[in-house]
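For reference, chains read A, B, C, D and E in written order, and residue numbers begin at 1 within each chain.
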Amino acid sequence: MIDEILATLMNVFRSNSMQIPLIQPIVDYLMQIPLINILVALILWRPFFAVVIMPGLAVLLLYLLYIVWFERKLTARIQWRVGPLEVARPIRGAIQALADGLRYFFQEAIVHRDAHRPYFVQLPILAFIPILLPIAFIPAGNAVGIKTPYAIQLIVAFLALIPITIIAIGWASNNRFAFVGSVREALMYVAYEIPFIIAVISMIYLYGSGDPYVAVEKQSLVPGAILNPIAFLVFLITMLMATSRLPFEIPEADQEIAFGPFVEYSGMLFGLVMVLAYEKLYIMTLLFVILFLGGWNGFYFEPLGDLNAPLCLFIKTVVVISIIAIVRSMYARYRIDQTLRYSFSWLIAFSMVALGIGVVLGWIL
Amino acid sequence: MEEIKIEVPVEPPKELETLFLPIPKDYVEDTYRKDDFLILVGPQHPGSGHMRLIVRVKGDIIQEVIPDPGYVHRSMEKLAENRLYIQNIPLVERPAIMDSANFNLGYVRAIESAMDIEVPERAKFLRTILAELCRIGTHLYDAAILAVFIGHTTGFMYPFGIRELICEALARMTGARFTSSFIIPGGVRRDVEEKTLRWVYDATFAIEKRLKSFERIFIKNPTTIARLRDVGVLSKEEAIRFGVVGPFLRASGVEYDTRIVEPYEAYEEVTWDIVTADEGDGYARFLVRVNEVSQSLGIIRQCITSMPEGRYVSEQICDDVKGNFFDKFGNLVLPAGEYTTLTEAARGTLLFTIVSDGESNVPYRVRIVTPGWLYLRGFMESLKGERLADLQAIYGSFGYFPPEADR
Amino acid sequence: MEEFTKFVRGGILGPIKKWGTKWSLWPVHLVTACCGAELAHAFACGYDGERIGALNYGIARQTNLIIVEGAITRKMARVLRITWEQMPDPKFVIVMGACGLNGGIFWNGYNLVKPSEVVPVEFFIPGCPPTPEALLRGIRQLQIKLDKGVAENSLTFSEIALEKGKKPKVLPVSPKVVSNAPSIVVAVKKAVDWEFGKQLCDRLKAIGRAVITAKNRIALKVEVENLRSAAMKLKDLGFDHVKSVNVIDVPNEGKFIVEFLISSYSVKELMPVLVNLYTEISRKEPKISSLSDIFPSADYLEREMQDFFGVNFVGNPWKGKFILAPDTPEFPLRKDFKLEAESYVGD
Amino acid sequence: MQEWQFVMPEKKHKKKFFGNLKAEVIDAKLCCHCAACSAICPVYGITAGDKPIEFPNWVKDCVDCGACVKVCPRWEYKPLNGVGNYVEVISAKSKRFKGQDGAMVTEITATALEMGLIEKAIFVSRDEDWRTKIVTIRDVSQLYDRKVTGTKYCYADSIPALKEAILSSKAVGFVGTPCMVSAVRKMQNSFKKFERVKLVIGLFCTENFYHHQLSEFLLKHKNVDLMKATKTDIKKGKFIVRFVDGSRVSFPVKELEEIIPSGCKVCQDFSAVESDVSVGSVGSESGFSTVLVRTEIAKAIVDKIRERGTAEIKEPDMGAVQKLCDYKIKIHPYPPKKKEEKKEEKS
Amino acid sequence: MKVEKISRSPIAELKRHVDVIQEAFKQALIPDRVTVEYPRERRIYPDNLRGFIVLDRSKCISCFRCAQICPANAIQMSLYDNFYPGVDYTKCIFCHFCVDSCPTGALASSNLHDMAFRSLEEMKVKATQMTRLPTIVREDKQSVEYFVTKKDWKLQRKKELEDISVLRIIPRIKPRRAFCEEPESCLGCRQCMEVCPHDAIVMERCEITLGGEVIGKGCILKVTEKCVGCGLCVRQCPMQILALKEVE
């Protein structure tokens, strides 16, 4: 009975497995060991590989460690200093984020008297649902969780849920600054979401489909950034706004409203809410790469086999994020009303133009 | 836009009673009745110094700000009455340690004016260099704080990097990075070697070069301009009425600088410009100080190139300070009377009043009015009608430093 | 506190906890006094505290280290305690600067509190202000403490043995000479070469008794009743702001001398002139009319004097404490409030 | 160093010197409360003020130097009496100042200050309770204060202030009652530094009071609150208190008998025989003061006053002065019997 | 001088954006780094940096000048074979008024400034602990100095370790001794004798004169060879009749 189920599963996994010639000998060896073989098969099963390994959770974790370190290092470099170093000098302090994370993990998580206790604790965890769900729809070549022609629309829809949780977090905190921060988050939400969605729609028009495969395929010659530079620009700026990055770090604005919605979080819970923005940035950058930078189009090394596409996508994503990290040391924070004004006047206008370009180009292509 | 009143019975939160607010209880209730919101900024707040601002907002617009100072009130005036005249020198520099030379200078000049001590030329030039170094240091400090208040961390790091050079210059000249206590009645504590002066001379150019980087990345940064321009405007009349001082007064178009109207030390012997602006907004206040930094660099260079030879301490007091310090300075007695000196500290007019009874070797009363305390009123007024987010921008544009105001 | 160190080092996960905490000591942004300037240097590009894992961070909930930067006043002590209680365990405190240790130069001031009496302190860093190196040394010592479990000073003295001697009968006196019967004269006439001043002085004679006390300084005495009208007249002359409000307590003669130092920004030739408009009021019932409606710049200065001397400025809207905390002694700047005296001989 | 003994009067008792003083003067009810011992004491142990002279814990703290005995005017007391030597006598009234009568003490001090004969002068002021306060007069303008001029009829610690003054300046003027004048002369004889006291103005005096006793007496028996008084006076055997509103209370001095300190009851010196110049109202018409010029320096000052015409000068009635001198001898016999009365003046 | 007006035109705005991006990328590629990596390297401060105070016990004359000039009252004299200063680092503000007041150069400043203590009691440094420089925890492998030219400044790293130096300047003060300016005013209180840490003042029998006339026998104070010129008696004398005089 169990053997049958295992055999069925094995078949399912093997039928849709990642083909990586480089590690094929190891895989073959492991396949001979019972029980381990099913695990290996599971890992190499494409939907699982996409969601959990690459570009999914495992890489996300690695990425988090990397981006926190890289951002701090890059900022430090621009600021005439060295950044995290002594924690692991040979690797230039790369595990600084790990140390911080561990410290957070073992610190007391305070739920203060005035907070709405259940929501205060639940919401940071709930916030992961809209963050993690898009991963299932983001394909990387052959590695894909759920394949659907509406993947881009779905991703955008899930992303739109994140601010709701942040607003709820601010409400549950029951703090003046959290309150002001939540209101700012709500205002920002309406400010960036419209141009963002229009920019995405313009690209969908351009490619004629919400299917990432179509989008990537259509960019095999010219990347989307050149096809529709205005949408590219609008997407970039709204991405900064959506992930609360300077110069639009308005809902958190530590010097003004003391981290806004997250003011009362401590310990592990703060660790969770702190990485929200980074994770969101990761998802949005993946989308950005797929829409504008040709997705997983790029190099192809024979030994890597199916791993080429996820790796390529990942490298592009990391490069984009690393470049985006520089704005943190470049800009001051805009004011909320200025941002809203820019957004509702310029950004929406630009996104309309982008939409026009998308429609026209989509019609031509 | 029509205002819609929501009739919800709102009670002021309990915590307002326990926080020891220096405002009456009915003010709090009134605020809540009128659908306003009280936000307490500070003293433990990433965007405030050591003070609390009680901000009353309607929506996002600030209605009124009540300062709650005194978090760094260290009883300086009382202590000064209980110390020897000379022992007060370290004390009076503590309000603003980054501006120690100017504070020191103001106090020492009050003693000198009382005792009619003629300061040698060389000492005057050395004092001027110290004062200007501290002025640059303070302006950079304020710029850094402004930067971090509007969220620009690089703008915070660069000035502090440049300040390292200033600290090094002060350390080489006086032996301390901040609180030099170097200016004493009659001159300075020690002569400064030619080598050190050359170093400082070269350092001014190094500072200038780095300031160019700072200008590109922060001063002329579009986000900086967006945040500071047209906020916290003080018109010329308002600035005069509320007694604003220093660069903040000059930013509103008043050409008042104590170094011009009542010259002291070597300021008459060097050429420099008084920097003013017309706008009176946050950016003008910032730019005035930025421009003053380059003026100060010029003053330092002129002082070093035309540094006269001679004594570093007046012969009326002693030949050499080393070893004589207690004997020559420990027993100063000022003739009876009141002596007031005005000094242009980095943040504005600094006033020292020493009242002596003519017999004691401790002052009878020392009144220290620091620039921060003088422009606090103007600062509070300029906040009215601005947005909550501008609070920090205006705070930074004033460079308000609570230890200086509270003494 | 020792239990936090124990917690960090204890248990099966001890090494991980220890390592994480050691390299992630985030000081909370609690600027208590002027040592904050050197703290900023320690975390700015000159020294970059982030190198050793210490990142200066916004608010209490997300940090685990308080660096007390110098003086803790009575008002600030509350805040320090609240901040400390807001922080999640385990948490540590480092105090920098002489003021925070034992008061430093303000050791006998009336408004200072020792942080070590408010919160448990791990390390003390001397200096006024300590150099950034000293602060980083303090953080390093805390890291070493977390590593080893015991606190260590960063320096060990090489002691020499000396015998204790016999105490002499008379110990040296204080060098301070304080007159028991001081006489305070605010307006001491001084002959100066100042033509404009003489003219101005003649004009001011209509208001009160005007005396030139130095170049650009005029003392103008009026009676209490005439203070407001004198201020009005000065305002008409072009004086537009108050630079200082000062009260001199003369218990010897049972009076307060209240001074308003008035100057001008709007009239060019009056800019350097500082008119000391002063009057004397009784010490028993110190009451004087406020000038804050004529010169708004006098407002906060008057409130301050109200705090310090208990002089009632009638017309100033503010009543109650402004600068001082509720538990500060009443009217500390009056002469009958005495401070602790120095001692020169230790054990 | 046991054998060491400074040149000093013999000890009368086998005690430390203060013990001698206490036995011979204070306990013998001879002490006139001039506070000279308090001033001279090298360890500042002797307290004066508003209480009888005391040295708490003198057995231990007294350094046995004998300075107090050396300066005490009542040690081996030989009463001075009579009008004494004088070179000139006038009755005068100051045109500049307002004082008790003719304000001649003020005028003489002011002239001496203006002539540069003295750098400062020790005066007695009062607070609102009519408690005496010492002021150091450095500037003539200080003398316009009505609290400084005018008689207080209470003990004041002028001599301690005088000692402070001689340490900080080279020429000092002094105003005091006859016993104080004697003490100053004794000090000058013993210690060269007191030669810096250039001008000693004596006041005509019959007796003086402890402040607390006087104010208590007035409040209790006469329902007079000294706080509201503007002037006190003794004229023609009557004690007069004037008030702000112009009303006055007067009663015979004899009623004050019970509070007259014992030291005054043995004093026969009415006209301050040893002073440079003695001043008092006796012998002049109302509003004028009698000035007995005894030494060259005083003569020079009076000549200057005359030359500048700052005072109105008349002929005095020396008979009245003589009469009071004799009267004082009569009512204050020495060695004491059982009888007394009082008076003292300050310009 | 008026500050220059900032143009509001979009082109100028764009140019400023470009400036910022340019500068940021330039720094990212070739950073002008100025960080002193403190625990690993030590910054060379000038010798006159005011740090830990060192006492040369053999030079100290117990004159109390350091204790009495200290604005923070951080110096207290402790009694051993004589009074020696001890610095209370819980109060010391490193103004070094004491070092400047020391007439013999017994106190000297070192540029040791990085200290951290675990308790307040241990910060009260006694004279016995001040005679030598303490050993400190050192993790430095190299030293670093700011090297400034007219163009820019950079860090100059040196492999050799920086020593903590003691800067001892001996003041140019001739030896002094107390003497009595005005013996006629002597109270005979012996305060000077009793305060003298060196037993240098004695009372000698003599005749007391006033105005040339012998008024009696008594004693007069005399300053002996033992006097080191600390001046304590001068400050102690209630009549201020003593003074310090330079001796050959």
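FYI, a contact is a pair of C-beta atoms (placed from the backbone, for glycine too) under 8 Å apart; a residue touches a chain by one contact, two chains touch by 3 or more.
What you are looking at is a predicted structure, and each value in this text was computed from that prediction instead of being measured.
Participant: Out of curiosity, which chains are bumping into both chain A and chain D?
Facilitator: B, C, E
Participant: Name the chain whose C-alpha centroid is farthest from the C-alpha centroid of chain C.
Facilitator: So the farthest one, by centre of C-alpha atoms, is A.
Participant: Would you mind checking which chain's mean C-alpha position lies nearest the centre of all protein C-alpha atoms?
Facilitator: Minimum centroid-to-centroid distance belongs to C.
Participant: Taking each chain's centre as the mean of its Cα atoms, which chain lies farthest from chain B?
Facilitator: D
Participant: Tally the contacting C-beta pairs at the C-D interface and at the B-C interface, and name the larger one.
Facilitator: Result of the comparison of C-D and B-C: B-C.
Participant: Roughly how far is chain A from chain E, going centre to centre by Cα mean, in whole Å?
Facilitator: 59
Participant: With chain centres defined as C-alpha means, what is the inter-centre distance between chain A and chain B in Å?
Facilitator: Taking the mean C-alpha position of each chain, the two centres sit 46 Å apart.
Participant: Using the average of all C-alpha atoms in each chain as its centre, how far is it in Å between chain B and chain E?
Facilitator: That gives a centre separation of 27 Å.
Participant: Chain A to chain C: how many Å between their CA centres?
Facilitator: Centre-to-centre distance between chain A and chain C: 50 Å.
Participant: Give the residues of chain C touching no fewer than two other chains, as numbers and ranges.
Facilitator: In chain C, residues 44-46, 48, 51-52, 58-59, 105, 108, 128, 131, 175, 177, 179, 182-183, 185, 187-188 touch at least two other chains, as defined above.
Participant: When you check chain E against every other chain, which residues touch at least two of them?
Facilitator: 20, 24, 27, 32-35, 37, 39, 68-69, 71-72, 93-95, 191
Participant: Taking each residue of chain A in turn, which ones touch at least two of the other chains?
Facilitator: 78-82, 85-86, 254-255, 258-259, 329-331
Participant: Taking all chains into account, which pairs touch?
Facilitator: The list of touching pairs comes to A-B, A-C, A-E, B-C, B-D, B-E, C-D, C-E, D-E.
Participant: Considering the complex alone, what residue numbers of chain B touch chain C?
Facilitator: It is residues 20, 22, 43-46, 49-50, 67, 69-79, 82-84, 90-91, 94-98, 113, 141, 144, 156-158, 160-161, 163-164, 167, 177-179, 239-243, 249, 254, 256, 261-262, 330-331, 333, 335-340, 342, 349, 351, 353, 355, 357-362, 364-365, 367, 369, 373-374, 376-377, 403, 406 of chain B that touch chain C.
Participant: If we count contacts the way the header does, which residues on chain B are in touch with chain A in the complex?
Facilitator: Interface residues on the chain B side: 37, 39-40, 45-47, 60, 147-155, 157-158, 161, 217-218, 221, 223-224, 226-227, 387-393.
Participant: Within the complex, which stretch of chain E touches chain B?
Facilitator: Touch list, chain E to chain B: 1-4, 6, 13, 16-17, 19-20, 22-24, 27, 32, 34, 45-46, 48-50, 65, 68-72, 93-97, 100-105, 109, 146, 148-153, 169, 171-173, 231, 244.
Participant: Tell me, which parts of chain D touch chain C in their complex?
Facilitator: Touch residues, chain D against chain C: 122, 125-128, 133-139, 141-142, 145, 147, 157, 160-161, 164, 168.
Participant: Which stretch or stretches of chain E touch chain C in the complex?
Facilitator: These residues of chain E touch chain C: 33-39, 42-43, 64, 67-69, 71-84, 86, 88-95, 112-120, 122-129, 131-132, 134-137, 139, 191, 194-195, 197, 232, 235-236.
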